[in-house]
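Inspection log for the structure reproduced underneath, given as structure tokens.
Should a chain be cited, it is by its letter among A, B, C and D, assigned in written order, with residues numbered from 1 in that chain.
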Amino acid sequence: MSEKKAIKVTVIGGGSSYTPELVEGLIKGYQDMPISELWLVDIEEGKHKLEIVGNLAKRMVRKSGLPMEVHLTLDRRTAIKGADFVTTQMRVGLLEARKLDEHIPISHGVIGQETTGPGGMFKALRTIPVILDICRDIEELAPDAWMLNFTNPAGMITEAVTKYSRVKTVGLCNSPVNFKKFLAEAYGVDEKQVLPEFVGINHLHWVTSALVDGQEKLPELLGGKAEYSAKNVPTLGWEPGFLESLGAVPTYYLRYFYMMTEMFEEMKKSLEEDGTRADIVSRVEKELFELYKDETLEDKPKQLEQRGGAYYSEAAVNLMQSLYLGRNDIQTLNVPNGGVFDFLPADASIEVNCVVTALGPIPLVPQHIPAHIIGLLQAVKTYESTAIDAAVSGDRGLALQALAHHPLIPSVSTAKVILDEMLEAHKKYLPNFFS
Amino acid sequence: MSEKKAIKVTVIGGGSSYTPELVEGLIKGYQDMPISELWLVDIEEGKHKLEIVGNLAKRMVRKSGLPMEVHLTLDRRTAIKGADFVTTQMRVGLLEARKLDEHIPISHGVIGQETTGPGGMFKALRTIPVILDICRDIEELAPDAWMLNFTNPAGMITEAVTKYSRVKTVGLCNSPVNFKKFLAEAYGVDEKQVLPEFVGINHLHWVTSALVDGQEKLPELLGGKAEYSAKNVPTLGWEPGFLESLGAVPTYYLRYFYMMTEMFEEMKKSLEEDGTRADIVSRVEKELFELYKDETLEDKPKQLEQRGGAYYSEAAVNLMQSLYLGRNDIQTLNVPNGGVFDFLPADASIEVNCVVTALGPIPLVPQHIPAHIIGLLQAVKTYESTAIDAAVSGDRGLALQALAHHPLIPSVSTAKVILDEMLEAHKKYLPNFFS
Amino acid sequence: MSEKKAIKVTVIGGGSSYTPELVEGLIKGYQDMPISELWLVDIEEGKHKLEIVGNLAKRMVRKSGLPMEVHLTLDRRTAIKGADFVTTQMRVGLLEARKLDEHIPISHGVIGQETTGPGGMFKALRTIPVILDICRDIEELAPDAWMLNFTNPAGMITEAVTKYSRVKTVGLCNSPVNFKKFLAEAYGVDEKQVLPEFVGINHLHWVTSALVDGQEKLPELLGGKAEYSAKNVPTLGWEPGFLESLGAVPTYYLRYFYMMTEMFEEMKKSLEEDGTRADIVSRVEKELFELYKDETLEDKPKQLEQRGGAYYSEAAVNLMQSLYLGRNDIQTLNVPNGGVFDFLPADASIEVNCVVTALGPIPLVPQHIPAHIIGLLQAVKTYESTAIDAAVSGDRGLALQALAHHPLIPSVSTAKVILDEMLEAHKKYLPNFFS
Amino acid sequence: MSEKKAIKVTVIGGGSSYTPELVEGLIKGYQDMPISELWLVDIEEGKHKLEIVGNLAKRMVRKSGLPMEVHLTLDRRTAIKGADFVTTQMRVGLLEARKLDEHIPISHGVIGQETTGPGGMFKALRTIPVILDICRDIEELAPDAWMLNFTNPAGMITEAVTKYSRVKTVGLCNSPVNFKKFLAEAYGVDEKQVLPEFVGINHLHWVTSALVDGQEKLPELLGGKAEYSAKNVPTLGWEPGFLESLGAVPTYYLRYFYMMTEMFEEMKKSLEEDGTRADIVSRVEKELFELYKDETLEDKPKQLEQRGGAYYSEAAVNLMQSLYLGRNDIQTLNVPNGGVFDFLPADASIEVNCVVTALGPIPLVPQHIPAHIIGLLQAVKTYESTAIDAAVSGDRGLALQALAHHPLIPSVSTAKVILDEMLEAHKKYLPNFFS
């Protein structure tokens, strides 16, 4: 490995509360992948947070004793120039926008969520033009860089980048990582001994096989042990018998589709009692930044783990290392479909197991695709692809088509009302639609 | 044509109130296609109706002076033996079952309709085993016969026959015929001068091009003239602007999906005021049979046209003639997908324009498929294929999966409740599920 | 039809000996499709021929008494401006080049033919850049025009146009027309009563069904009556039994593949005795032009029919009329594959039955595709697509790959020798390869 | 791993000269995969060889001190009963038949080779019925067993098994293994550090990427270092420039297609000088069996490595272990295509990189498929699939179609002559064709 050059990593949205996780990961992984420069870049509005987080990052690196430079900057182009990896973790419109994404749909009787339904669509509409703008810089200043995208909705963002730029990109979500950890823990084995098969797209997938130490454990999981869900979301019971005939473990976000009525009620109630998820996150973030300010703090604080994005850092560093080292290990990633699912377009992003080679991830064709899920998968993907085109073009007709065909929307008239209200509410961040 | 042999036509469900239409059509078309034997066959419960309708048929033929024998029988095998065409128009469970198909879903907040949603699914579950039983007879006794299937849900029935038998079959619906007539009338031209392009499956299709005398009239239709709908269903307005960005005229049954909320409310109200559609049809049928009894009646009575199945006879006779004569004309039919829609399975039934040759219909690949409708189309097809497998196997798990993935169902728990109640209600006609 | 506007037809390569056929066709079809302007355009080297042919055309129109203007010009842009139909019938490099296309391969032991093998490839390499140049004019000056392409190799030219321009195009060959005429004549019926099914691409197709008056006659044809071949090519017997297991009638050009050894020997012998086909055509053309010069001639001379391109005019006028009138009749045309053959790329040109609507041809999915022919079909299509890319790019590596993978070439070293010699021989007409 | 049960391995064709390699491999791998029973089974004609090889195997195991039982038997059903792995390495008709496979085609001017062309086809025709007969036993007596197929032509045999039986099977060839070893050696790295990408089918594939320690080395290999070929076949130079535009390293058997003329000449010459490859192998085998007889021999003799099947044992043991342990490593295997190559049928066997899980291999979709090779790949696969159907049905028409469409056959008449002569010559082993 001696001839491999030292690496420059650029973090777009470097002022995020997640950054200390990533820094910890890069420090731990230094042996295998020596980072010479870490650039944390943010926008003017995020300058204050960037300084707080950036200084903690510097203290963490100093403590490690490693020769890793940490740069804080608002100058994106300088940060990107010559980078080997660019990660994105941003929230256009900040938590205030997320709050609207959650509130408005619910006021019209529809699921209001950060990545699913109208909320997810508007997050995409706000974010895609910004991401593509970043891509223009990468194409020019770091054409060989890999863009690792953590920004939600990760599947749509990744699809937008592969369709509308030449940047090499992979989308990353911690949900498959969480499932693997759950499986390993449930059976008391090392993570390397588990191999679940994921069928689907980001935030909409089914686990259709679950090898633990070479044994298929899916029937067991379907028979009752599947009480798995992400830590930061409410758990509701599945209809007895449904899982067995489904032939797959539905991962968390599928609850919004399979239990639409119940999830809506729960969200509405929770909204009245605790505010939206955005409100809760807002409170947690405030506390985190208070901790980060502490000049004696030289490590990632434990409290960050409650933030919801557990294992993001681990996933990110794993992916970087496999690309850098050509480890050929299996990771679950957002990549273009190609011919993996023959019913989806070749350029649609999907989230499946991949072997990560030095040239990029190669998808593994899933071996078990329950026929009865294809329609739902296609329906959500159709919405996604239409919404991406709407984001790029600013075409309200396309936006209406995307929303009207979303499985969570009961009728065109509801789609129209929500669309109009949300376009107006997010006007500031949707220049494409208001020019 | 002199060497062509005279033809035997067998009508399964010959006691149907529609039969006089078909008889009229066969008489009118005799010149091009000489029918030597017409067999009307029905089941024991339908004997009385068969006699009434059959005697009318005999009087109609006698009046025509044509050498066409009309046979009435309860012996299906004799009726099928050596037939050239077998048509099916049946209602397993009669109007009583249809009433349940409409009532039960509505009582759980879901569209209750004869061919769409839970109602359509249960009509399929009751009918498919009976149709496949008929197919066994045809395979044995008339292996070269064409089965023309008018029985609803026509797309699902046709798919079941092509998947689970070797019988040559085509599914037929009057909805495309009606659209062509509407178009011809709207522009004051002959039907032969119009060519609409249909994209979709039975009772779920979009008109994506509308040539009238070689001119594309779609933009005009989308801009406001599209106030077309079948005569027997309520008309509701479309969201302004929606049609234009849709880029297609949605045909009637799409309202259940695009206007789910409004259609449900309308149905519920109508149910309270007039009873279900089954009740209305029941009243109309009673009146028709009273008319048919009149021994002086020698023609199809005008009132039959209000029954809802306008132009069925015309469509049926047209199809028979094109198959018999090899006319190579364009008709809109239910046929296996093959590679027409690359996102649907090859053996799925679709409803598209076909050239009808002497060897059967050849589908025309639609030239305009709006990307944003693919998800909905796939979702409904996935439900259909799953429900067909459930009908054949009697597997409750599959039935639950079919229903739970239907776009009109809000959650698995609702699917479960409706499924259980309907299985019990139709128990008598679902031996596969209760053995 | 009264509102339909009169039509401008532009003939690129108007000085061709075929032109009188086309003129005759346009005159005969005037009732259905009134041509107001016919522009015959040619290049400087063809001026003399253009005048001879053009004056004959003028005399023919004068005799008809129709109000059709005939224009002769070397100014392509004026000729194209506002055209409704542009036809192309050209030979870049004239018969001299064809002679080389035939001679050089034969000298290296390989079939030397105008449209198949190395000869066809070099005709494509010379022609494609010229055609695409014409397309640039059409895009600018007549963007709604249909380009009807008769220039060989018609399939490759059509594919090049659909891949590398926005011009609406259809490729046309008289070979399917000839087969239909043969079939009608053999069974003593009208052409409208026959429907053969063609599977394949231009100059490489199989007839997999042959309906005559609604009866399947394929088994009969395979059993011995298939002694059909184009009039201008030698007939050789098929291996007894081969046709029956083939399950299809191989059309003429397949002999170069199925009887490579015999056809090569025949060609070589014929070359020694009579010169190449180019020599023969050259003699025939000289005689034709002598006839055309006769100022008293006001009709297409009979001798033109021996020229080999029988029924080109009929095919061309039929196609124009069906596009103009939206006749929705079935014609066999070169169109993009789309999803017709699932093993070929969507943008590959294929030659299959199409319904010709006012919006263009819609392919009919062939119903019988013998599995054992797929490899040969793919092999030739792969060669074609690679050669098209070579023609556009001038990339010698691609040209070598195209030739080396052609089924008639025994080895890469032979491909290399032929390629080098032919590139040099045609240098003048291959600017892309010598810049 | 403690709960994993000890394993029964059955070797069909256990009297093969290769068996000592496999035995050595199983002994070396015992730690990871404990074999409790090794059954060597052969047919009556092979009894003598079985005893010689079997006794050597017993001595080898005895020397190892491992508790592995070695059984020699002619009773296939007992040998198969309850097996975990069944390997097949057989030659129906023995070396005498191979000799005919090589001689007859060459006498008609066509490549005569064990696995390619008419020779390969007849090996398949003889072997497939025998393999399917074995499959019937496995279905009954060891339904969970994996059949590892080494019998040539390995791709066709594997496809026949997956199409015509329910046995779980993987086809294995040492050619990819050899390429990996060549690559590792050429760059002085461990085999685990190389990852070539294989595109194609058994004995017809291209290396389209060659990662060495995460670096792409393909351009280097194409530029001259690609002087790789299997040890047991003659080396000929590639046309300069051809490899670069090919964009892939063609593996050995492609020479029969790309250098048909030269390879034929070489074979013919070699035949005259040394006899066929069958003759050479026959001599080597005789020597080997002389060695094996030596009762003091307790190890695989060095001379076996010259036999040509180097690393078969390593490949076999690796595959068994990965299936047994669920190692999820990458191996190049013959598996059903599914959707990997969208131009090939789903049930065609292909040879590509796979991740070997405990449930079986999952193919990795190749990332680089040169467009210009698709035709040749399809052509050979079409031949293979047709020949498989011919083998199963004994249909001479299909056999003729398979051969007539093989790219190495110049014409149908040649196909016919060779077919007839070879059918007669192998009559004894082709009961399907002579009943």
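One rule holds for everything that comes next: a contact is a pair of C-beta atoms (placed from the backbone, for glycine too) under 8 Å apart; a residue touches a chain by one contact, two chains touch by 3 or more.
A quick map from chain label to UniProt name: A, B, C, D = 6-phospho-beta-glucosidase.
Quick caveat, the model's predicted, so the values are computed rather than measured.
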{"item": "Touching subunit B (6-phospho-beta-glucosidase) and also subunit C (6-phospho-beta-glucosidase), the following chains", "value": "none"}
{"item": "Separation of subunit C (6-phospho-beta-glucosidase) from subunit D (6-phospho-beta-glucosidase), taking each centre as the mean of its C-alpha atoms, in whole Å", "value": "45"}
{"item": "Rounded Å distance between subunit B (6-phospho-beta-glucosidase) and subunit D (6-phospho-beta-glucosidase), as computed from the means of their C-alpha atoms", "value": "54"}
{"item": "Subunit D (6-phospho-beta-glucosidase), residues touching no fewer than two other chains", "value": "342"}
{"item": "Interchain contacts, given as pairs of chains that touch", "value": "A-B, A-D, B-C, C-D"}
{"item": "Complex contact set, residues of subunit C (6-phospho-beta-glucosidase) against subunit D (6-phospho-beta-glucosidase)", "value": "238-239, 241-242, 244-246, 258-262, 342-344, 370-376, 378-383, 385-386, 395-398, 400-402, 404-405, 407, 410-414, 416"}
{"item": "Subunit A (6-phospho-beta-glucosidase) to subunit D (6-phospho-beta-glucosidase) touching residues, read off their complex", "value": "1, 4, 195, 209, 211, 213-216, 324-326, 328, 330, 338-340, 342, 355, 357-360, 362-365, 367"}
